């Protein structure tokens, strides 16, 4: 029984990262009807950004100067903002020019952009092809709870995810710019006619999505202690898959989709005999199943084509 | 006006390029080239670059010694751990008439794809890193030799040690789905079972996985004595680290794939008490080891020579000795000489059996202690001051 | 009249020979500096061709007038290539690989170029063809020539399988399916024991024809050509065949229908086009081409492992199609040749290869989405 | 002369979410008849076309075409049975030539497949030849300009010509029922005049064809439509000849609202 609980915790944490990535996909799809295939790479970029900032802080002596509970949030926040800006920059440079072009263009362009991001990261780090050691920024202690081992860093990761996702919902629900985002995702043309600055709204969407993605990257790094330049490819595909399973364009769907994928993978590894090498296969089969039988995802609405 | 300007630029461009193309390059003196292929880019670049540096060092030393009537040059090519790229690189080497011999590969799939080319073109080839048994044992090409022991040759002493001497009996195996992991699994399992051990579980993990908690949680439920890992540095370190995190406090052991300082760096405190073996003696205990270390440092390479540096260094040494004895012209004689060589190098005395496999099988035992790999005999664990996890 | 024709024919052949010699010299160049000089020279020629209208019109007129002679001369020169590269199997190897990728790119062009289906699973069909024929050859001693058909057909079957989810999905979703499919095939190849897992399949026998094994050097007109020449001529025939097939499909109801789907799916459906079937057809034909290329590759190298069929291969083929010119059969081949030869010429920059692929795609899409050689309108000859 | 019933709908309905975009519409058209479909913006005219062509699946009701049930058939099968249409904001295959556009229109009647394309070249070539001949003839009926520019990229044509090509493309399949969605949108009065002439020519040439035309320009409707049907909020509110309709109070009411809006704009 304890083992099942332990596996549940594993699944939950994996699901959290997928959710954070998937939210980005959903935000972008809502705002621009665009799937930003390099989003996974932007997320991992967030982790690398943290790595760089940590190195800088170490050089400046900030690591020892500031107490951990001040330094770590500050570090993560800076990395989030920087990654958000990079995401916005990508939108401006690579995605916006294709706004009125066939879908194929932006699709291939973002896949290629992902490649560029990955390779740039690889080439700019010494031994960039190898995994980079991620600083242990979270406390490493753990405690037992009824036979289940609970680690403090897992709790922090889980708590941060929930906190950030609820903050994002509040932002979208309660603020003016959040209302603009909702309006644009409902109907871009109508929103433009109502005087909403589309470009700015889209930029904000990418800022939020990429910043949340950065958190996903940082969590992956903190959880595994390493990051590798090409994690973004799989992360992106999985995040997009989670978004599709939950319902592309529906931000709540990201949570459900992320958790489903997390659970499928964890339990395939844990309970299917000989299943460990095939976890990704199971995850993808679930996605393909959804695409065939419920293409709009769990929470997505059926879209009628405009003719 | 603008048109004229454009035309002029164009004309200039054409003229310059014609000049450049027809210019005769640099004056060339008589050179003998020795090929090196390895993963200089890609995920295994650290291994490949280190080996290349060591290889280069041997050649530099040979040129400096003045024993050769011509300049020896290294042609280092990248296989990027990819068989297709490796094949192109091998073909590039055999197409160059100045290349007389070559050494290559850390990845077994790449070596398995390229040795046929060296065999076809009769270029003597020494494998410095790839450990798949078939490379020598199956093909038995007369011109292909290997200075690295195969997996099977490494797993044997490890089994003897962990099962026979340390007395662990119930194992869980985790291997990755790389060629290396797969072969380890195949070699270790029957060997361990033959020695009376029990295998409780076998899990393969795809290359690229970083979260092993589901598997380790499952393994924890089976309560093995020890976890055998078939794979290399990074993944090993991650698994070791996550074993601690899920509370699986058991012995972790593997063959030389994890014996790298990076392993202890990534694994952090959990690297304590990890047990592994490595062919050859530790570098500082080797005859000429300190000399090599000093020379390597003096040559100013940016990267460490890594786990396979000595192998590459000795491969270069073997090739160099051969061409000094047989001359660089007759490839058949070279191959014959290499097969019969008794080469005293960095790793001790290397000679090859009928399949081209090295007979130099000495292994050393290591244990992680205080963030360093310490030979077992000198460690606190052997002395009883520290205890391996039970 | 006759002397004039002969004169023009000589000029035409001379022009072709000039470019051919230039190409051969380029292939034989190894120093990075000279390679760059060559490239500058080619670019210069290209620009000149574009600027100097008189010469352009004269040349294109010449080639149009003597189409058959131009084609024959071109083919004849390509056939002599192994003789020129006789001492360098490496160069012939590059040509073989360029041909293989040309087949892959031609296949993908049916989808990416003609139909606007972004398929990132080229590596999967390539791999399935390679593994199918290799396994058959190793375990059942099926000959290469039969394996060519079986490999292609089996890959086609998988194309069909991949096409089924495409009945329900489009655009992004479809691309996700193809990416997922490619990754699944890669993982499975890596994990099944009967595919040799990560160790791959060694010892794939070379094809033989009339008792001549392709592993043996080829003796022609008293010349000893390296064994790669066997494959060079084989791949030459296959690329030629693929080109004819691609060209014929393009100039038929099928090609036109694919284009209609690319331009506007709904309008296409309203004109009686069974979009699903035509998309699946594109999947199958693409996969067949991939399977054929895979078969040749596995028997040529004699060893395959999953690494050969990773995601990056698919992206590289996509890059070739985009660079060459979507839906332009000749452009696609040139894209494939360029992107096979140039990385070999710039081996010193191997580390930047993938980055450069990525940059090529992004910049091409932004500034020249139609590729180096844009597709032209179909012109129907009408006797009048 | 009694013409056969071509198409008939009964209580045809579709809901988008809670909204009934087309609500229990009964509709008939006979061979050789031209029916005008009018109504204010958003009254469900185009949705009605989308239902007839199978792009949307109706939530209720029936469609009978030549005695057969069309509900649930995929779009391409409906098209193959001779229902051709044009689109409100015209959907030409922009990157293909004018002639290619028309050739694609002939898709339902041609039958060469991939095998023929690769191995039976002469068959395919004959098919193309016949197609080209027919396509050129069709184009020449509409305008000489299109004929001479038949290799031009369709996307480079002016709006009026695009409409014409689209109608040509629809006619290329020898349809029994032609659905025209606002053919005069974006045209000048002179061009509209020309268009009406073209439609009349089509009528004369292929006598038994049925045409349903959506139009906002009442002049067009008055000239070409034998019968007019008025939709408002997805419901049929009136039916009859143009004169009958123009006196109908419901129709005036529906349109007055629209006129007010026009005045504001």
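Note that the chains take the letters A, B, C and D in the order they are written out, and that residue 1 is the start of every chain.
Operating definition for what follows: contacts are C-beta pairs under 8 Å (C-beta built on N, C-alpha and C of every residue); 3 or more make two chains touch, one makes a residue touch a chain.
Computed from a prediction, not measured in an experiment: that's the story for all the values here.
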Chain whose Cα mean lies nearest the overall Cα mean: C
Greatest separation from chain B - chain, by CA centre: D
Chain B and chain C, separation of their C-alpha mean positions in angstrom: 35
Computed distance of Cα centres, chain D from chain C, in Å: 42
CA centroid of chain A to CA centroid of chain D, Å: 47
Shared-contact residues (touching 2 or more other chains) in chain B: 41, 177, 204, 206
Multi-partner residues of chain D (each touching 2 or more other chains): 55, 87
Residues of chain C engaged with two or more neighbouring chains: 187, 190-191, 266, 351
For the chain C and chain B complex, residues of the former touching the latter: 25, 29, 31, 33-34, 36-38, 40-41, 43-45, 47-48, 51, 87-91, 93-94, 97, 187, 190-191, 197-200, 202, 215, 227-228, 301-305, 307-308, 344, 347, 350-351
Of chain B, residues touching chain C in the complex: 3, 6-7, 10, 13-14, 16-18, 20-21, 25, 40-41, 77-78, 80-85, 87-89, 91-92, 94-95, 97, 108-109, 112-113, 116, 120-121, 132, 134, 138, 177-179, 181-183, 204, 206-207
List of chain A residues in touch with chain C within their complex: 35, 37, 94, 97-98, 101-105, 107-109, 111-116, 118-120, 123, 233, 237, 240-241, 244, 248, 277-278, 280-281, 284-285, 287-288, 291-292, 295, 305, 307
Residues of chain B touching chain A in the complex: 41-46, 177, 203-206, 208-211, 213-215, 217-218, 220-221, 234, 237-238, 241-242, 245-247, 262, 265-266, 268, 303
Of all residues in chain D, those that touch chain C in their complex: 53, 55, 74-77, 79-80, 84-85, 87, 91-97, 99-100, 103-105, 107-108, 110, 112-114, 116-118, 121, 124, 127-129, 132-133, 136, 151-153, 169-170, 173
